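Next come the structures, one after another.
There are two complexes below, and they share chain A, which is joined by chain B in the first and by chain C in the second.
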Partner chain A sequence: MNLLTLQFLSEIVLLSVVFLLIMKKNVSAVYTYALQSLVVVIILLNSFFETKDLWMLLVILVMLIVKVIVAPKFFISLIKKYALSFSVSTYLNTPITLIVIAVLIFIAHSQKFVPLTSIVSDHQMLLSLALSSMFLSLFLIVNRKGALSQIIGILSFENSIVMFAVFAELEQSASLQLGIIFNIFIWIMIASIFISMLYKHFGTLNVSSMKKLKD
Partner chain B sequence: MLEIITSPISFFILLSLFFVGGIGSLFFLKNDKYANGWGSFFAIAGSLWGLIFSITAILTKSSLLFDLKTSVFSLFTLSFHIDLLSSFFVFVVSLIVLFCSIYGVGYIKHYYKKYNIGALGFFYNIFIASVILVVTSSNALFFLIFWEIMAVTSYFLIVYEKNDQDNVKAGFLYLVMTYIGTAFIILAFLLLFKYIGSFDFLVIKENIALVPAFIKNIIFVSAFIGFGLKAGIIPLHIWLPAAHPAAPSYVSAILSGVMIKTGIYMMVRLFLDILSPAPYWWGLVILVVGSISSLLGVLYALTEHDIKRLLAYHSIENIGIILLGLGSALTFYSLNLPALALLGLGAALFHTLNHAIFKALLFLSAGSVISQVHTRNMEEYGGLIKYMPQTAFFFLIGSIAISALPPFNGFFSEWLTYQALFQGINQMQFVTQWIFILAAGSLVFTGGLALACFVKAFAATFLARPRSEEVKHAKESPFSMRLGMGALALLTLLFGVFSGYVISLINTVSQSLSIFKNSASAVNISSNQSMTVSDGFSSISGMFIFLLLVVATFLVIFVFKKVINKTQKECKTNTWDCGTDLTPRAEITATGFSRSIILIFKGLLKPTIQNNIEYYDDQNRYLPKSRTITLSISNIYNTYFYQPIHIVINKLSVKAKTIQNGNIDLYITYIFVALMLALLVIL
Partner chain C sequence: MEIFFIIITLFIAAIINLLSKRKVVIEVVSVVSSLISLVLSIVVALKVSSLGIYTPGSGRFFSIDSLGAIIVLVLGFVGFATTIYSVQYLRQEMQKSIIGFTRVKQYFVLLNMFFVAMFLAITSSNPIFAWISIEATTLSTAFLISFYNKPSAIEGAWKYLIINSVGLLLGFFGTLLFFTSIDLSSVGLVDWQTLTSNAIHLDPLLAKIAFVFVLIGYGTKIGFVPMHTWKPDAYSKAPAPIGALLSGALLPIAFVIMLRYKVIVDIAVGPLFSQTLLIVFGLLSIVVSALIMFNAKNYKRLLAYSSIENAGVMALGFGFGGLGIFAAILHIVYHSCVRVVLFLSTGNLLLKYSSAKIFNVKGALKVLPVTGVLSLIGFLIVTGVPPFGMFMTKLYILSAGMKEYPVVSLIALFFLALVFVSFLKHFTAMFFGEKPDNIEKGENNIWLFIPQILFVTIIVILSVYLPPFLQTLINNAVLQY
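Then we have the complex of A and B:
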């Protein structure tokens, strides 16, 4: 896969995060996340074709199952169970959100972050895009009031890290990657259980209604 | 054979005895008798082994250095360096623990079926082991771990009588204060690590030149606050008069006699050994703090009518006296006067040992009284000498020793402290000379006031008539308790009479510090065990004083019996009582006794006096029914030091609470902002 294709895929990931930030429906968010994960899987597949490592293929397959199929399925069933068709509101309105998105992408592409994005000099643009995705994912977690959106934000953040690691050629051993994916799988299950419990207790997944938790 | 006794294996046997004692006690949680037997037996065995180990190490001048390497990190190497200074402190710990544990066998019986004896045995044994580990550890990280174990186990011992809410409060105060102290100690060690890159005391000592002078001063201040807090220096002492009395009496004896000395040990270790050469002003600061602590400690003791709080305040006083020796040693050493520095250090170490002995004796005697009368209030004692004559005798010996009267041990260590201060006055220039003069003056006052305080304590407790019904039912303590007290009473005499020999051994310990290699002490011990300071400046002999007192006593008895009484007829009759019945109300109380002294120092003590008069007829106030005078001392440390700090921290906490508003998104924002800032700073 040439650099241009990889850049295109990275841009899809970035756009998916932007979409996650401005969309309103939970179902759309889940599908966007599935699409984002699929793109990351394709990027990893490129890595497999270069290394021909069968373990890597196993990692990609597990990732495909967990992130593209199982996790979205979990979330869709949750949405159906609790009728969460619309996500709760954001802290910032759409125009300001778009401004913040622009600022964060600008920061990620700024000279200040060159030491980080030039780890592999050929991949500077790709790494800047991955870094932008990471910042936007963090912003997604912060800006959304809905617990489900926040969970998707965390998973999107994880996808961005994977993408950054691949472009920075910081891939770890297959066993470690499998372990991480397994962790994510367990985490998704636990998060789903917590969501159910929170919904039962508070009757909403709006985290701003959970202030009493600190007492 | 001697090599085996001072080997690492022998040291681990010593520790394992306490661990077996501690863990084993937990197996007898349901059987008080067995738990007491098991815990006490191993504490006695461990302390006996500790005595053999330390005495052999000091006599053979053997130093033990070994480590247990962990395979993962070199930083976490558990290393021990048991030089003569450590052995000396192991000796002090073992000596006091031995007799306190013997005493404890009888004392613990009071707790049967009331409290958990197995838990007491567990915490007691682990506490002793941790104290020994503190004074032998040679790695700052492990030192801190043992220091914390010591703090936590002592906390559980302090709150052992948990049904009394005052004890629980005292334990909480102790825990808070000890953690503040630990924070300062950690700061000192981290600063050393920053410049030297090691937590090993020996490595730090070898590379101390790498630490800039300014940082060294910060380390000194931090360590002095941290270890001073544990030692109970004023104004960091507030936990001590609350916590020490709360524990079971034989534990109080160890807390006051031994645990606070770990602070002194680390001051000697750091300031004279690891951080040397020390700047001139360090010693002067210690001298000033020592003077204040000794004088105020005894003044507060005078105001007390709680017998254990009174003794706890005397611990603060005696820590002050020890600091006078240490401060003068540090000052002399920084002025390149090693012989005089050895004199000061010898005085400090000797008083450390002596205070441990007589303070343990006093706490044990007080414990015997409390176990019979069931109160710590001296105003409810009186006349106990008739019911507990042996306890009274032991308390009297302890009182004489702590009042620094010959021929008991306290006199000789205070005499040495005086000599160190006199040498300072003799050798120093203007400002420093005045600090030494004021320190000597403070010691004079302290000695006099301590005597007054123990006249009060002994008289109010044992003399005159019983002031409560409980006293009339008091009985002499069981044999094991009397044995523990008797042995300590004998030691106060022996360490006084043979003070020359003890000082020669302490000189050996002091000279083992690398800064005193090849230096002779200013104290010379002659063949007849008399001590001479600075080639004839002054001299004293414990043995001579003892013999003189024995001869004088026999002479007085002889003169009275055979000369004066020979011509006079003995007549037994009632005391003249002005025609009224003599009742306890006619006696002078402990508060009344100290009132005049308190009023002399009212500028310092800020007493409050409350008069309550009850009349037969409220309308016609000519005939008072009763008068009550309540004399109390305002807590100036709380009012002027801790309260303002508390208010500031409270306000800051309220402000800080706004950061924690319960919104998860805000918390994630903090993480996000922190991450961005970290990246911007690093990149």
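Then we have the complex of A and C:
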């Protein structure tokens, strides 16, 4: 894949995080995450074509199953089970959210982060986009009041780090990557169980309504 | 091979516990596996003290340096003590109908998995695998924190899961940045040694950014202020032995992994950068926790803040350098031991008074005489009262900073004094005075205070005498870190 294609894919990832920040429906968020994961898988596939490492292909296949198929399926079933069609609100309203998004993207592209974005000089734009996605994903985690949105925010953050690692040529060996994906799979299952437990005990997934620890 | 045996033993124990339908089998298997781990941990520590660095097998997966061996030893002891205590503690809770058999089973399965993750994290030769293991500790303990299935426990566990996951992802990003010094296409699994020997090739600015991320990431697990917010909630909601493990075993493990990156960044940019950061986080942790402890209303939260304060003291020790490092390593050992004494004793208080509120606990010395005495000794140890070892470690750390950072040392001294006053205030209210009429006198079971007696004995001995092998390990660790 040439740089322009990779840049296009990175922009899709970035736009997916922007969409996650402003969307209202949980189902849309889950599908957006699935799309984002699919794009990250395609980016990884590009690195497989360069290395021709079959273990890498296995990693990509497992990632596809876990992030694009299993995780969204888990979340959709949760949404259906608890009728969570609309996500709970954000701490900041949409106009301010958009301003923060613009500022974060600007910061990620600023001179301050050149040491990070120039790890591979040819990939400076790609790394800036990956860094922007990381910043926005972090913002997603702190700005959303919904537990499900927080989970998707963390997974989106992880996707952004994977994208950064690929562009910075910091990919780890296949065995370690499998270990990381296995960890993420377990994390998704545990987080999903917690979503059920939170809903059972609080009747909502709005984390701002959890105030049982104030003693 | 000892590390393989420890991990396989604990893993098999978890599987047996999962399949077993008899409580006594689960208890026996857990105690035996933790005893085997303890014995093998001692063997590992002895080997490292004589070999320097111990790399079982080909060294591809495991590598244990002196500081790692100290932590393996600590983990072996803390793990064994908490397992023994857990057996009786959960029996008492079953008698009170707080939990049932399924919960006991769940507890011991997760406890053994938690041990596996901790042993892997501290002994792994690969930084990414260490990260995976630390993340695995989060996953195995999330359900232990929500163990009582109450809304507050679920909330505490959720906070723990989210904050630690975000923190560790930041740590993961920082870890990846450290790999920029290596051509990954020509190297397979990168170990700590390779990372350290290539540190000279790290871009200094990138090394600084990487260390900041790692410090935030592992600092979240350690509980440095301001990444500490999960800690009081998780500690106060988890069963007492889990609190002891989180503070006495997991904290030092995360701390040591963070220190391994400090060694690398020190080579790349000089020691001043990491030392300054550690001093800032350390002092902030001491000040904030001391202020909150003074007005604490819950004794388990009080211990959580005390853990944060002690993490701050350790950070100051490594930040000041020199004698401070020696004292900080010794402080880690004492801290882990005293955590067992304090957390397990609060478990006894909770069993007796059915409340974690300081206000609801009165006359505990009359109600639980042995636990009361042990708690008061624990208080004297943790606040750094002579002749206990923690007095010396705090004194050495502060005196190490007096020359170059006198203001920091004096501020720390003031707030450490405030910690003493806070503990004195709360413990006086809890342990003295008249007991409530509805509370019966007497300890619940001898096994609920034997682990604490063991650890008080260990602290007293280590306060006056360091076994030669431990002294060797500490000296080697000082040279390395």
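Here is the rule we use: the second predicted complex is superposed on the first by the 212 of 215 C-alpha atoms of A that agree within 3 Å, B and C clash if a C-alpha of one lies under 4 Å from a C-alpha of the other, contacts with A are read in each partner's own complex, and residues count from 1 in each chain.
What we mean here is this: contacts are C-beta pairs under 8 Å (C-beta built on N, C-alpha and C of every residue); 3 or more make two chains touch, one makes a residue touch a chain.
Since this is a predicted model, take the numbers as computed values, not measurements.
After lining up the shared chain so the two structures overlap, which partner does A:190 touch, if you call chain B first and chain C second: first, second, both or neither?
second
For A:91, is the partner it touches chain B (first), chain C (second), both, or none of the two (neither)?
Once the two structures are laid over each other on A, A:91 reaches chain B alone.
After superposition on the shared chain, which partner residues are touched by A:164: those of chain B (first), chain C (second), both, or neither?
Touch partner of A:164: chain C, not chain B.
Is it chain B or chain C that touches the larger share of residues in chain A?
C
Counting only touches as set out at the top, which of chain B and chain C does A:150 meet: first, second, both, neither?
In the superposed model, A:150 contacts both chain B and chain C.
Output check: A:119 vs chain B and chain C. Expected answer is one of first, second, both, neither. What do you get?
So A:119 only meets chain C here.
Please work out whether A:202 is in contact with chain B alone, chain C alone, both, or neither, and reply first, second, both or neither.
second
Which holds for A:141: it touches chain B only (first), chain C only (second), both, or neither?
Both chain B and chain C are touched by A:141.
A:19 contacts which: chain B (first), chain C (second), both, neither?
Neither partner.
Can you pull the chain A residues that chain B and chain C both touch?
Touching chain B and chain C on chain A: residues 115-116, 138, 141, 150, 207, 210, 212-213, 215.
Within their complex, state which residues of chain A touch chain B.
Residue positions touching the partner: 91, 107, 112-116, 135, 138-139, 141-145, 150, 207-208, 210-215.
Chain A touches which residues of chain C in the complex?
126, 128-129, 132, 135-136, 139, 142-143, 146, 149-152, 154-159, 161-162, 165-166, 169, 172-173, 176-177, 179-180, 184-185, 188-189, 203, 205-206, 209, 233, 236-237, 297-298, 301, 357
Can you list the chain A residues touching chain C in their complex?
115-116, 119, 134, 138, 141, 147, 150, 154, 157-158, 161, 164-165, 168-173, 175-176, 179-180, 183, 186-187, 190-191, 194, 197-198, 201-202, 207, 210, 212-213, 215
Which residues of chain B touch chain A in their complex?
Those residues of chain B that touch chain A are 660-665, 668-669, 671-672, 675-676, 679-680, 683.
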